[in-house]
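Each chain carries a letter (A, B, C, D, E, F, G and H) given by its place in the written order, and its residues are counted from 1.
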Amino acid sequence: MLTIAGHTFRSRLFLGTGKFPSAEILQRSIEASGSEMITVALRRVDLGDPADDIMAVLDRNKYVLLPNTSGARDAAEAIRIARLARAAGSGDWLKLEVTPDPRTLLPDPVETLAAAKELVREGFKVLPYINADPILALKLQDAGVAAVMPLGSPIGTNMGLQTRMQVEIIIAQAQVPVVVDAGLGAPSHAAEAMEIGADAVLVNTAISVAGDPVRMARAFALAVEAGREAYEAGLGPQGKEAAASSPTTGLDFIK
Amino acid sequence: MLTIAGHTFRSRLFLGTGKFPSAEILQRSIEASGSEMITVALRRVDLGDPADDIMAVLDRNKYVLLPNTSGARDAAEAIRIARLARAAGSGDWLKLEVTPDPRTLLPDPVETLAAAKELVREGFKVLPYINADPILALKLQDAGVAAVMPLGSPIGTNMGLQTRMQVEIIIAQAQVPVVVDAGLGAPSHAAEAMEIGADAVLVNTAISVAGDPVRMARAFALAVEAGREAYEAGLGPQGKEAAASSPTTGLDFIK
Amino acid sequence: MLTIAGHTFRSRLFLGTGKFPSAEILQRSIEASGSEMITVALRRVDLGDPADDIMAVLDRNKYVLLPNTSGARDAAEAIRIARLARAAGSGDWLKLEVTPDPRTLLPDPVETLAAAKELVREGFKVLPYINADPILALKLQDAGVAAVMPLGSPIGTNMGLQTRMQVEIIIAQAQVPVVVDAGLGAPSHAAEAMEIGADAVLVNTAISVAGDPVRMARAFALAVEAGREAYEAGLGPQGKEAAASSPTTGLDFIK
Amino acid sequence: MLTIAGHTFRSRLFLGTGKFPSAEILQRSIEASGSEMITVALRRVDLGDPADDIMAVLDRNKYVLLPNTSGARDAAEAIRIARLARAAGSGDWLKLEVTPDPRTLLPDPVETLAAAKELVREGFKVLPYINADPILALKLQDAGVAAVMPLGSPIGTNMGLQTRMQVEIIIAQAQVPVVVDAGLGAPSHAAEAMEIGADAVLVNTAISVAGDPVRMARAFALAVEAGREAYEAGLGPQGKEAAASSPTTGLDFIK
Amino acid sequence: MPMKIICNGKEKVTRPGISLNDFIIDLGLRPENVVAECNGTIVKREEYNTYLLKDDSMLELIRFVGGG
Amino acid sequence: MPMKIICNGKEKVTRPGISLNDFIIDLGLRPENVVAECNGTIVKREEYNTYLLKDDSMLELIRFVGGG
Amino acid sequence: MPMKIICNGKEKVTRPGISLNDFIIDLGLRPENVVAECNGTIVKREEYNTYLLKDDSMLELIRFVGGG
Amino acid sequence: MPMKIICNGKEKVTRPGISLNDFIIDLGLRPENVVAECNGTIVKREEYNTYLLKDDSMLELIRFVGGG
């Protein structure tokens, strides 16, 4: 089973909660996903619409809440959001996101590392969202993060594991869990990430914008389990030469 | 649910039975796969080893037996094997394989079409193994086959859905079920085939040569269900532009 | 140098002449491409616009004219067009195309083989356009075609060498030249086809619809030469492990 | 034409000089490549073999010498090597490489940025070798580097442009030239990088380990020109739908 | 006379000496689901009842929303 | 009196006993760039001058165009 | 005197007038899992008991094996 | 009596008061193709002639080699 910062998870699918059509569909999608790690964002209360409240749908006993620092453009902003999240009662878990460029929402390696060092010092369980950069992953590991979260492709693109080769290197070197985050747009993408040895995947857009988010959540749950099972069972070798699946002997009767 | 030639299948994973380490592992793999369509080959009895008997492990009430014509190099040989298979009591189902070249085990489009026409005439439910050739698929459909089985990549290579673009065209045009056969080497490959709308997949080598065939059979079962579920739920669109999964408003407090 | 049916070509880029913005741009594109094999189609004269005449721009002494049978939906139509082409004075060269489905313009393997046999009998130098089907390629070779022309992807899609794995098999087995036709949408696609050992490529859409067809023709000419040169020079091996390009010794001074 | 730090280059192919079979083959390969930017490394003189001397084969009037900091594991080591290189008379050009991990030879984003800032301050024309990290590329640009050099795949792997999607983002945002470095293993890879708008490519292993380095150098030169020409000419659009290259009218005579 | 608070960038008028807890409830929010930052300092939830707002206090009320 | 020819699906009126060659030229075409099929049979180019069209002849005039 | 059968390419000696069913059983096989082709003709399973092998019969015994 | 230099990690014996330039030439190297670091400080090439080596000097001689 997957263990991160001493906490054990039965499901290797982490779920983001953005962009769902309704709170009710979000709730049913979470259940269908079987996820035990749910990300949320922190935002100013909209005084014009105080009713809307995600905490109503999140059963804190069933899920670990993983607040993100989305919106932070540098280490200082990320640290401030992290402290507010903890004060809001989400515990010590934190998905560290530092994305200075709204066009790409890609992470800043330098600011992310700086923020990670401070937040680890303050006792957070830090899961940084990073580019698929093996050296940065090692530096964050040395800084004491709970896991690393390399991207498959840019957030919301559904382009899948474009960074496969680099992610394979990160996995081969990591002593902390590797969670592939961002861009996984189909169950096959999630299965692929798990087959190469990722410890978990985080999915949001592919599920929340699907025609039927609840069924898509279930589809990803199945695919993540399939990919992990295949990784543990051991995939057969690839080759360019065909190899018969039926016996090549005992055919004399048609010769 | 999947219906082929009037028969309904709960599972969309078809399983080949070649190259398993033992009859016991084969039997447990079949169960783990949940498959209801099991392929077998026809061979001369080895008088030196009469004991070995696959029919002992196949519960004919649980599975449809799909004998293949593996070994046939032309239509005449395929037809002869088909008739022997029916005489052997496997019923009318037939996986038509005509592979003149043992180096590639790739199918012969002309001989396959000729054999299909005759076997349909004789009342077989013909599932022809073909290259990913959309025009040939249409001709076989017109000839009355029960389904078409385009290859993902050459038999036993585990190279996956190399023919994706052509298979997508076959699926878009087909009035009969499309079963992707050969080369699917990982659950993610099977999920991908199902996500683009394949009706089923046939897997053998990837499971039988896996480190743990029983677990790999289960992994493929999960992946096939995941891919189908995603196809029915409706995958979100792919794009090159990043799109935030967290709200882009309500951030003024850090600005 | 490339030899097909006894004729030697300095350039391994064959050029299609469809969809160019003007006769003048076509003429300059042909020159920029350095191509010596130019395809044309056969159509009814438009009595309303008798002026338009491609033969005015084609110097028959510089190029081999390769009429295609585009529009043919079966062997009979292809054979009729072939005979008209020869009567029109294009010589014995023929690009055999049999595409029954206007939606995909994909070739019919059975009708193509039947037409090839007859046209070879009638003394044509037949270059059949086919799906990337290695067995069909062998059958056409046995039927006496001058070369085989497997597709990279459907006509006009610019999707490149989607069929790479199958084309590699065709090349490994072929005794006749292999010309990759259709779908090559960028010079890199053409270079890739040549690097894996294709004898030539045929390009039309990618050049005629380019922003600047003349420069694009030159770009493809350079890429085809690059790919062939690389094939003959011998590409280095691929690997997943990094290997330093600078010496790993002599560094003690910074240690 | 390409201009970097005020210097204009006719060739967009930069050449590394490591691992060539002999000084003579290196010299002929440089000529065949047409390259005007040649990388070298700095190493302790081997007192046991004082003869070996690369400067003998490099005509300083024809090429810009681009010393790299290969071997440096942090900013301090890179800066020391840079100063030695300048003292050695190579001028102000510098390929900044900081690779702490000999297993992957992948660059360190934090140390690379730190070294770049100092070396820019000291008047070097810095070309940093980086992971395909768009945010890091922007930070280096702000730091005043002359160009950015994102990797295609790890050094020496010949795996090509695995990072295509990220490199496209870097190119779309960069105000400085983008030179794709590392992993380009075939001319088609180099052409692809140029087609998406890279300003230049740096190649070493693919040429030096080729069967015939001199011809491979020429092949890359052709491919780089082809890719650039295509980029400037404007590639046609890709699509999944086939589009005829021959006229779809004037066929009534066979109908 | 009434007191002025800048809450989430908007001016709000309330009664003098109101506790943070009551102010949040007056806004129709559940205190346990809101985190408050007053004049740049985070206020611990257990202090909402005893923390009294002052005139011109700059108050930020933050909460969790769906995000990835 | 004039003669009627069906050329490329259209009815054309011309003078009786006209040669295929003259008919093609009258259409503003170059005979050497056109291939002719009359009543389903290909006419060799060297016979254009001697081949005389008859009333109600079904004539197809084909030529090369740009194609891939 | 004994009778000679060519079974699956090998010469087998057995008793004259033996039924196909008994012959298969003598080989240690289950008749219901074997399909027989005698002198190029398939023998229906329900006829195994009544079908008598003759001297020099060319017999092929086929069965299902694992295959993909 | 002779003088000891540590050059590129190896002990070298040479004559007292030798210039860096002569020392490099004695090693069979071309001074213009070598960069020298003596006791951690880079020596400018134009100073090779006037720069005199001392006993126990730590000398590093570096040069360009093929690299990517």
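In the analysis below, a contact is a pair of C-beta atoms (placed from the backbone, for glycine too) under 8 Å apart; a residue touches a chain by one contact, two chains touch by 3 or more.
This is a predicted model, so every value here is computed, not measured.
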**Request:** Count the C-beta pairs in contact for B-E and for B-C, then report the pair with the higher count.
**Result:** B-C
**Message:** Among the chains here, which has the CA centroid at the largest distance from subunit A's centroid?
**Reply:** F
**Message:** For subunit D versus subunit G, what separation do you get between their C-alpha means, in angstrom?
**Reply:** 72
**Item:** Distance from the mean Cα position of subunit G to that of subunit B, given in whole angstrom
**Value:** 34
**Asked** In whole angstrom, how far does the Cα centroid of subunit E sit from the Cα centroid of subunit G?
**Response** 93
**Complete:** Residues of subunit E that touch at least two other chains are 8-9, 37, 60, 62, 65-68
**Complete:** So subunit D residues touching two or more other chains come to 16, 18-19, 41, 43-44, 68, 70, 103-104, 106, 154-155, 159, 165, 204-205, 240, 245-247, 250, 252-253
**Message:** With touch defined as at the start, can you tell me which subunit A residues reach subunit G in the complex?
**Reply:** 244-247, 250, 252-253
**Message:** For the complex, give me every residue of subunit B touching subunit C.
**Reply:** 100-101, 103-104, 106-110, 113, 131-136, 138-139, 153-154, 159, 162-166, 169, 173
**Prompt:** How about subunit G: which of its residues touch subunit B in the complex?
**Reply:** 7-10, 27-30, 32-35, 37, 42, 44-45, 60-68
**Request:** Within their complex, state which residues of subunit C touch subunit F.
**Result:** 16-20, 26, 39-45, 47, 50-55, 65, 67-68, 70, 83-85, 87-90, 155, 202, 204-205
**Prompt:** Once bound in the complex, which stretches of subunit E touch subunit B?
**Reply:** 8-9, 37, 60, 62, 65-68
